[in-house]
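We just call them A, B and C in the order they show up, numbering each chain from 1.
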Amino acid sequence: MTARASLDPRRASPWYRSLQRVSFHGDLPWRWLIILMSLLVMLVMVAIGIQLWRETPMARSTFGWGFLKFTTDASWDPVNNHFEAWPFIYGTLVTSLAALALAVPVSFGIAVFLAEICPAGLRTPLNWLVELLAAIPSVVYGLWGLFVFLPVVVAPLGGALLAALGHIPLLGAFFAGPVPHSGASRLGAALILTIMITPTITAISRDVLQSIPSSQREASAALGATQWEGIWQVLLPYGLSGFLGAVILGLGRALGETMAVTMVIGNSIGGSLSLLRPGYTMASIIANEFAEAVSRLHSEALMEIGLVLFFMTLLLNSLARLLVWRVARRAPQEARA
Amino acid sequence: MPPKMDANTIVETDEADKRELGWNNRVIKTAVRTVDRTEVARTVEKKIEVRDLSAYYGAFRALAEIQLDAYSNKITAIIGPSGCGKSTLLRSLNHMNDLTPNARVEGRILLDGEDINAPNVDVVEVRRRIGMVFQRPNPFPKSIYDNVAYGPRLYGLRRASDLNGLVEQALRRAALWDEVHDKLHQSGLSLSGGQQQRLCIARALAVEPEVILMDEPASALDPISTLRIEDLMHDLAKEYTIIIVTHNMQQAARVSDFTAMMMIDDHRAGRLIEFDETEVMFTNPKDKRTEDYVTGRFG
Amino acid sequence: MTRFQELIAANQASGRARRRAVNGVMLSLTGLATLLALVPLFWIIGYVIYKGGQYINLAFFTQLPRPLGMEGGGVLNSIQGTLVIVILSALFAIPPGVLAAFYAAQHPNTPVGIGLRFATDVVSGVPSIVIGLFAYAVIVKPMGHYSALAGGVATAILMLPTVVRTTEEMLKLVPHSLREGSLALGAAEWKTSLSVLFPAALNGIVTGFLLSISRAAGETAPLLFTALGNDRYDVGLIVKGGVAQHQSIFQIIQRVVDQPADSLPLTLWKYAQQPYPERIQQSWAVALVLMILILLINILSRLWVTSRMRRLRG
């Protein structure tokens, strides 16, 4: 009915016709609607940062920047209102960076295999399997990590590392014992994180590799380079900013990972630097204590940790997207006449 | 039928014929009536001989029973309508077809008498000896110096003293040195199209190949750059054997000593239908199809 | 002989052999890396099936949890809670996400378009626990209590970037000719968008939607301070009670969403930390249910894609 009315102006009532004119035949409200929704989405991003900031006035004024300071005898004492965030920052950083160090070579290897070497028939199923790794929920990783991975892999591995590296000066501090019987340790968290961020880094790296024009591979092959030489010396530098973006995104995921880490890291604030000892991360302390915070300062301190986490991931994410975007731009730029 | 040319053919002409047909010096040196084969061999030496070459993509036969000779220090052009398999033939010579899944090349390709299409041949070494320049310039996103040094570095050459000399030599031979010698560390992508193509040529020359394959090397370039590349080819022919694929007949006529004409047969497989000296091919072709093509009646 | 030729001659056999060996080793290592990644995948899935399968029975799906120390009981509350929260988050995330994507796809280079892309990137990188804190601050605190609604909002924020990005990419894939043809026939832009673009991109949009649902179903952290958990959550009971008391549908819905709720991952988290063997066994079973749910959604989305493809090809 409406369509016919709009097709035949004579039959439409006057007010309807003027409404049509004003709204550009329904386009104006539509455009407003979609712009509004876009602004809403953007608002969410801003709101998160703002709200966290607004929730933590007492904490920020009480602690100032000292909250984040590195200190060897940091304590977290809700009863006496003494809060320092350093143990958690350290725990987050060390587990995430260790996970990154392990995940990057493996992920890059998988990406190279999937993009360059894998026979065409295997490609789709393998891609799907790697995606499946990313689909497993964090709590399930945690459950398996806690009851299977820790006792079977991490505890013995910790013992071996302690024996091998625990007595080296300087480096040995990171491998000092004693290793907890259950295996719950930063090492366990780092290893689980490795498994969890590998699909992220792999998927992006694989896409980067596939976006590199085949003329580059041909040029390398025609000069008598082996396939690996071409990958290492031509493709890797070509897509470097994209690969860096993938790595940074992986790091971002590792920093924010909560459930699996909490279940395997042992949740202890101890002062040791060692990977082999239990630890705590920023996300874990929030997960464990927020629902039962004992005082306003306590919950604000936890909120402030959330704020720090927010800014860290905000920065990393922006950097990563910028880098990935740069590779996509370069591909068509090959030869200008 | 074109005369079958192989190492046993001695082309004989006498001075009278030459004057009549107006041949110039770009002709096989006639070892007139000499039985000294080494003399002949030196001047009509075959660098590459292709025998019974067939190429398949899966079940589809793209090339059928190609017989082709490329003479040392001569430029051989492969012409024909588009889609007739010229590039496939060229790429078969340096095993570039290996990069395509499901591609198969059967037959013999003799480089200085050795079959490089044999099963156990070292492909890496073949590709060093037979270099390739592509239709679109494809320099690496590295500096000009690193582009040219890429090949030598694969062989373990690291010292600046070694590399500098090789890079300069290659760039000189590619007629690019004068334009880039003071900006060797700029990106190769900052050059113009014609310069990039010469950079790719220099890059190929750096590993000191014996044969250079060129797949429509100037088709993506402007006319002036094209002429520079063609002049370059003449210079390069003095030291290398060159085989070029081109869809531009005038270019083939200008540049090459020998021309091979390809066409697809009824089963869409590419065949070599005529092979002769360029002069003959363009003035007095033996096959009607060749004549139609070079006079522009089709293709 | 040139220097190069000298080096070639010197390195002939060893150089080439070494390069070939390096090539072989490195390429094999990449294959090894791929296998290495598959090990935890099969290990986890296998173990979950093995341990979880031992405990699953019908009661598991139809009963509420029994008090600690008693045997038996089920996770009906968690299953229903998961469904409610997922439905809520879809309701909150899909309409704004899809609409915003329309704008981003058609006006990518405007300030709003660029801002939108930046915002979705940022939000997609925020840890889910921080989003939980945010939802706590803006919903739970003002309302004064935990609720499924708050959990739904938190999960919706998590889903939003994926919905926007997938929809936008699918819309951009629709050929221009379709849009121009519609506009040329005199259809308004909104009609073009809804009747032409949206159905053409629907395939990918649904896939993206299903995948974000599967992610949402597995999330725990945002629910820790929003939905909190609820042993007594039983939608069926609420609806029956509401009907018996002649409550309106709005009141019933309000009662469903306005109280704390449990979800499968949340229950898994709680049970895994309790020192009762019964609970630990149950947590494996919950893990199995969760994995099956997620796997089903993944397979469903793949089937959807292939069936649409098949229909298109006729």
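Just so we're on the same page, a contact is a pair of C-beta atoms (placed from the backbone, for glycine too) under 8 Å apart; a residue touches a chain by one contact, two chains touch by 3 or more.
Because the structure is predicted, anything quoted here is derived from the model rather than measured.
Here A-B and A-C were compared by C-beta pairs in contact; the pair with more is A-C. Chain centres defined as mean CA positions place A nearest to the mean of all protein CA atoms. Using CA-based centroids throughout, the chain positioned farthest away from chain B is C.
Chain centres here are Cα means. That of chain B falls 56 Å from that of chain C. Once the centre of each chain is set as its mean CA position, chain A and chain B turn out to be 52 Å apart. A straight line joining the Cα centres of chain A and chain C is 15 Å long. Multi-chain contact residues of chain B (touching two or more other chains): 124-125, 154, 207. Across the assembly, chain C contributes residues 19-20 that each touch 2 or more other chains. Annotation for chain A: residues touching 2 or more other chains are 226, 229. In the complex of the two chains, the chain C residues touching chain A come out as 19-20, 22-23, 26-27, 29-34, 36-38, 40-41, 43-45, 47-48, 95-97, 99-100, 102-104, 112-113, 115-116, 118-131, 133-134, 136-138, 157, 160, 164, 188-191, 193, 214-215, 217-221, 224-225, 228, 265, 268-269, 272-273, 280, 283-284, 287, 290-291, 294-295, 298, 302. By the touch rule above, chain A contacts chain B in their complex via residues 119-120, 213, 215-226, 229, 233-234, 237-238, 330, 333-337. Across the complex, chain B is touched by residues 2-5, 7-8, 11, 15-16, 19-20 of chain C. Chain contact summary for the complex, chain B toward chain C: residues 122, 124-125, 152, 154-157, 162, 165-166, 207-208. Within the complex, the chain B residues that touch chain A are 94, 96, 99, 101, 124-128, 131-132, 134, 136-142, 150-151, 154, 189, 192-193, 196, 200, 203-204, 207, 220-222.
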